[in-house]
Amino acid sequence: MTDAARLLDGPRGPKPTRRLSRRNIILYGTLSVMALYYALPLYVMVVTSLKGMPEIRMGNIFAPPVEITFEPWVKAWSEACTGINCDGLSRGFWNSVQILVPSVILSIAVASVNGYALSKWRFPGSEVFFTILMIGVFIPYQVMIYPIVILLRELGLYGSLWGLVLVHTIFGMPLLTLLFRNYFTSVPDELFKAARVDGAGFWGIYFRIMLPMALPILVVAMILQVTGIWNDFLFGVIYTKPEIYPMTVQLNNIVNSVQGVKEYNVNMAATLLTGLVPLTIYFISGKLFVRGIAAGAVKG
Amino acid sequence: MHSVSIRSLDLHFGAVKVLQNLDLDIHDGEFLVLLGSSGCGKSTLLNCIAGLLDVTDGQIFIKDRNVTWMEPSERGIGMVFQSYALYPQMTVEGNLSFGLKNARMPRAEIDERVARAARILQIEPLLKRKPGALSGGQRQRVAIGRALVRDVDVFLFDEPLSNLDAKLRADLRVEIKRLHQKLSNTMIYVTHDQVEAMTLADRIAIMKGGQIMQLATPAEIYNRPGNKYVADFIGSPSMNFLEGDLSDGHFTTGGENLDITGYPFEGPATGAATLGVRPEHVATGHDLQGLPIQAEVAVELVEPMGSDTLVWTTFAGQSFRFRMDGQAEVRERDTIRIGIDPAKASFFDKASELRL
Amino acid sequence: MRTTDTPPALREDSSRPPNPLFRNLTAKLASLPMVLTALVVFVGCTGWTIVHSFTGSKLLPKLKWVGFDQYEKLWNTRRWLVSIENLALYGIFSLCFTLVIGFTLAALLDRKIRFEAAFRTIFLYPFALSFIVTGLVWQWILNPDLGIQSVVRSMGFTSFEFDPLYNASIVIYGLLIAGLWQGTGFVMVIMLAGLRGIDEDVWKAARVDGIPVWKTYVRVIIPMMRPVFITALVVITSGIIKVYDLVVAMTAGGPGIASEVPAKYVYDRMFSSQNLGQGFAASTMMLLAVVVVLIPWAYLEFGGKKHD
Amino acid sequence: ADLEVTHWWTSGGEAAAVAEFAKAFNEGTEHNWVDGAIAGSGGTARPIIVSRILGGDPMGATQLNHGRQAEELVEAGLMMDLTEIAEAEGWKDVVNPPSLLDACTLDGRIYCAPINIHSWQWMWLSHKAYEDAGLDVPQNWDEFVASAPQLAEAGKIPLAVGGQAWQSNGAFGVMSIAIAGIDAWTDVFVNKNEETVMGPEYTKVFEAAAVARELSKDTKVQDWNQATNLVITGQAGAQIMGDWAQGEFAVAGQVAGEDYTCLPGLGANEVIDTGGDAFYFPVNDDPEITAAQKELASILMSKEAQVAFNLKKGSLPVRGDVDLSAANDCMKKGLKILADGGTVPSGDMALSRDILDELEDLLTEFWSDHSYSPEDAQKAYAEIISRAE
Amino acid sequence: MHSVSIRSLDLHFGAVKVLQNLDLDIHDGEFLVLLGSSGCGKSTLLNCIAGLLDVTDGQIFIKDRNVTWMEPSERGIGMVFQSYALYPQMTVEGNLSFGLKNARMPRAEIDERVARAARILQIEPLLKRKPGALSGGQRQRVAIGRALVRDVDVFLFDEPLSNLDAKLRADLRVEIKRLHQKLSNTMIYVTHDQVEAMTLADRIAIMKGGQIMQLATPAEIYNRPGNKYVADFIGSPSMNFLEGDLSDGHFTTGGENLDITGYPFEGPATGAATLGVRPEHVATGHDLQGLPIQAEVAVELVEPMGSDTLVWTTFAGQSFRFRMDGQAEVRERDTIRIGIDPAKASFFDKASELRL
């Protein structure tokens, strides 16, 4: 097939690249420096939470613990005091779970239906409501505290778990609706039409066709909501009562009430314990998160 | 009885008038192809028939029932989409039975119908697979099956082949044709590929700007295009057009005076007009004999296409192409003698562009 | 051209178009939560707030009209002015840095590197933590007696000064360090997703043209990522406007009033000073600012052309 | 019944004091104290408390500073009327000074139970710090200012002031009474006379504040008790802080007079202001809760609970008739001043919260911004006072 | 001198060997088309030539310079992509001049080159527009222009037409052909559309699985396909294949014994083999005369395609298609006499599938 199918003099094969090329040094150098900035606080938290108070007072905060102690963790979990209750974070953990599960489910359910309706069942005015929601993203929610108190009171939901779930659903709605809307817009219209020809109605298409396809964006929505709701302090404390105060209330109490000296190690342990649920989710589902964002956030 | 009748259909998207006062009757068992360039409103029309778009004005009848305001699933239509739109998370069986389940049909009957459709389409071994694991052709069959199980009167196809590569497209075209012969339902088929239109259609409706330009059999459209747009649109490479003037049996163009006896004029045969000649109707060699129009032309470009060769020249001062046998030996800058049979040509009025 | 067999007239027919209100009724019913939220919560509550900003409400909302008094007072309050200035500063810096860092990290991660998943996780995890936590840990790291300053000093640089949280002139940068730490990861993910969506061919075209990588990013890729930047912008600005928790957790507005922000002003006036009217007036101003910024943008984005 | 009690007493001494109430309540009645502590300051807790009351799901009892804070809630009929119990138990006769009960009174009805007297007028001095610097412990403000440079040389922070706004504000308040004198102070706070602010007495106050600002500039802590801790550990020479600081000294096992010295009114004008906390009882339609609320109210005012609570909290009891032999040096000083009638009303009661917060903003800015001249601050202060109603 | 030479090229993606020991010489000024089905490695080869992929082994020469390790911009190549990859936010002028500016060419020369390219491509009026405001054809010209301004030796095209609709595709094909005649640079053009390949190429390289199956002129590939894969791949509708046995001048298939005198065997003419006949080489009517192979077949399906008609039948027990004139009157179930000229047929070895 060639006049002379043999190798000639000169370079052949892959272009030689030095592993320590300037490009790589800059690339990995920058990344590592940045990674240091991002990882440092976590490192400080972990290290501090494993030190005893004397060691904290003496040494610098970046030094690894000389003597590892799990005392602060135990204390943060089950002994730290808030007012007269000294049972640590454990009090709020199950409350947080109880708040989290229905809130995440309901907020995602509502937002996904919104997004679905906005992308596939547009009706006159639907975009207007969507625009209002999007402006809602920018309203500082402190402003809403009293009106919502009044609203919940009128609904008879004030102080109950469901009132809080409703609040989370409302405040999660703008961003999640945006994500779902963008995602469902990218689902081919033809699929939707095919299902209509097949006689499926609004809910039939939603449950049988759209939801099963929405996995990537569901993951994103779930991650965002779990993080947001788990970390929420203000709503949890304003719209409920002590029996169902979330874990963050205890965290706030531990962190913000100082008994003599600040027990940094206990604070850090409490912080880590509180962040454990969202952190775990991030560490596990990072890849899905990126993929889902690509599917839902970038277009539209 | 008409299978589908459309009366004074208007469809506007806001200010954009996509369909305007469109009327159309489709016979029972007919294979009608809607052909037109992109954006001319073919899909829109199909969606109106299917009930997926609310019409702005007008009426739609299917089997003489006014379905204008019915739900898609109640109209007795089945639809096959460009990308097939199979439900990706359901098996083939699930895809086929979805519509029936929605209609709350008894389990036993669903099974029977799915089995029957699978048999007709020869997809029995695939029933448990998901669409992702099917080839393009198999997917198409499933998509058709989805309409088939629902025992519909009218099949609607929206460019079901345009996503496929040339080879598969040719195969599936034949399959659809065979299926139509077997089922003899009414089929309305949207495409912008004229080969598809020509091979499949009983009648073709050529659309432009939301209106139907010509509705006729493929042969009629090919041989006697109703206006210049249709003439230009149909045929590849497309028709040669020569601008000139008609007067008593002669056509003057670019300084040449052509004798056009033999052309069957339907109306007045004078005034500014356009002569259309298909590249494949230009004669060379032996076939020249007896043709009233003949000329020597210089070859400018040769496009060999395997079975034939396309030759680009200038005739009467205008760009002109013709087709020769693939084995013909022509070179650029050769001179070649060509001839035109007026009986195979078309004349169009210059102003209205309608066939004369 | 004849396209029908019988004369193309409309036929007599009893079926009339249904009332448009009831077409796709389920869809409308299903959108009810959204409609109610939009109308009752976002419009209703906002309206409620605006109305009450013209009252002299103290601890409890009351319709005791005082005209524009609250606004007059607001704009005569030093702390409000400082808050606005801070927000502007923090906003601009945070916006720029978040975009730059977020994009840079995403671009670096997009260079087909090793350990991408590990780096990505490290950059993203702070987003999982609340501002209480962010504030706490950074407050500690930035504490001159315990954190970076003391460590650097203990290494012998005794004149080293780094105490942003206790120095009014740089406290905003202290907040920024923590804010960026928490928020850039998410923006990076958005950017990364955007970069992954760019046609590979554009990169190749630029290489064939001999464009250096950095220039390709600046001149070609970034302009192509407009929608991504807009998404990121929405996420960042909505965060900036609401920045409250971070300030409370890190500085409580201090030293002095050097790190006060409008959201905190609103909150403090409403709940600490028990001057709801004043708080409502301040939040109305915030809302006004948002609307003033958003409307031209929304017009440009959605008004000109209809997409999707 | 379970009675939920909301408060923001979460520091060591505070929590121990609250526990005394809870114990008394749990043991003295068949009811149960459910603790609803919210850490932070009143700023965090107050919206929660108000929301709960507005939302129709109120707690059983809640801490609020008395004064004008709850006035509107009372007017709106959301707070329980305690007049009956008060009359039955003769609160009027036992509460001293009577102004405390006045603060709970609206249109002749009593709506809250005052539980302690807090006064801001204290300076706490660390013996250890002065020993380290080889100095005698000062006995008044002027001596303290004089000793400051040497203290600083010894590596001590002369004056510890936490970063939170209310601390510098409070310190200023203490200095204004101590330095400007009670008359000038009253003229400003009660009569809202801005001319007095511009007068010579207040000029001195602002100058002193500028000095104090200089002395405190090395304090790098936020919370008041961290600042107190600096005094306890001898890292700082002094702190101007209310009597609640005493609770911290107690928790740290320090003894007044031996380990630390307290100077009421900066040792210049020995007066104390009589702010304090009170408990309010939101109206509840559950009769069982209402009964429990009443019982709690009377327990809070009982001698035993008053003693136990205030000993832990470091504040003074609201009853003049209790035996506080167990009290320490400082507390006794306070009691003595109280008995001598050396009291001024608390600023909380004299000015609206709104104005107080404006003053606080001003002072915290002044305190942190060393380029803010005392003259300018004085003018701004006068301007705010001129707007007070 | 060769314009592009490739020596023993290997390219692996991890464990996937996409190109294997590939050799190829491309003449100066030649228009070479790389043709093959999806995934066969066409783009990969093109990217290797462009320097956009690092080769695993082997050498690449452009104008006899070893460019194996050079940067794409140094190789003297210009590339046109399937999606054109225009810089969307720059004007046409910006797109054209971006590379030059970057090479710090003086302003005056840039302007001159852009003007020249714009003139050649006739896009002068578009220079100030952005790509978004251009039609598909205009975009393509800009993409070509981007290579043109850089005065490159070799143009590389990666399926530049496959995104377009049929009509535009036909037009642009001609434009590219004209451009090649005008510029006479070397052009390497990737496609999987055989019409494009046949009309454009001086030579076609047919690829399969990372290897070149045949490299020859279009006529040679059409008339004398080197193996069964090529034979099947080229031609639409594709070649008919009949399985059978070869022995002394006869071919036995499906019970029929065909006389194949006249076929120019290159190698041994015995054993299991496949006979390939193009549908357009099957004779009917007058043309039957003198053909050694003739048979009566029943028409099963007729596909009218305008200029010709495709007829489906069964011959020797195997499915068989042939093409007739578009005007021919055939109906389903008619019987028709067909003939095959062995000189126009192809034989392939059953096992190796190579041409006999």
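The chains carry the letters A, B, C, D and E, assigned in the order they are written, with residues numbered from 1 in each.
As a convention for this text, contacts are C-beta pairs under 8 Å (C-beta built on N, C-alpha and C of every residue); 3 or more make two chains touch, one makes a residue touch a chain.
Chain labels with UniProt names: A = Carbohydrate ABC transporter membrane protein 2 (CUT1 family); B, E = Carbohydrate ABC transporter ATP-binding protein (CUT1 family); C = Carbohydrate ABC transporter membrane protein 1 (CUT1 family).
None of the values given here were measured: they were computed from a predicted structure.
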item	value
Contacts common to chain A and chain E (chain labels)	B, C
Mean-CA-position distance for chain C and chain B (Å)	52
Centre distance in Å when chain A and chain D are each reduced to the mean of their C-alpha atoms	41
Rounded Å distance, chain D centre to chain E centre (Cα mean)	91
Distance from the mean Cα position of chain C to that of chain A, given in whole angstrom	16
Multi-chain contact sites of chain C, meaning residues that touch two or more partners	267, 270
Numbers and ranges of chain B residues touching at least 2 other chains	none
Per-residue overlap in chain A, given as positions that touch at least 2 other chains	145-146, 252, 255
Listing of all chain pairs that touch each other, if any do	A-B, A-C, A-D, A-E, B-C, B-E, C-D, C-E
Touching residues on chain B, where the partner in the complex is chain E	37-38, 165-167, 170, 173-174, 177-178, 181, 192-195, 198-199, 218-219, 222, 234-238, 278, 280, 301, 303-307, 310, 312, 323, 326
Chain C contact footprint on chain A (complex, rising order)	27-28, 30-31, 34-35, 37-42, 44-45, 48, 60-62, 110, 113-114, 117-118, 121, 123, 126-127, 129-148, 151, 169-170, 173, 175, 177, 185, 201-203, 227, 231-233, 248, 251-252, 255, 264, 267-268, 271, 274-275, 278-279, 281-283, 286-287, 289-291, 293-294, 297-300
Interface residues, chain A side, partner chain E - complex	1-3, 5-16
Complex contact set, residues of chain D against chain C	42-43, 46-47, 50, 54, 69-73, 76, 163-165, 220, 222, 352-354, 356-358, 361-362, 364-369, 380
Residues of chain E defined as touching chain A within the complex	2, 5-8, 23-25, 54-59, 61, 66, 68-69, 212, 215
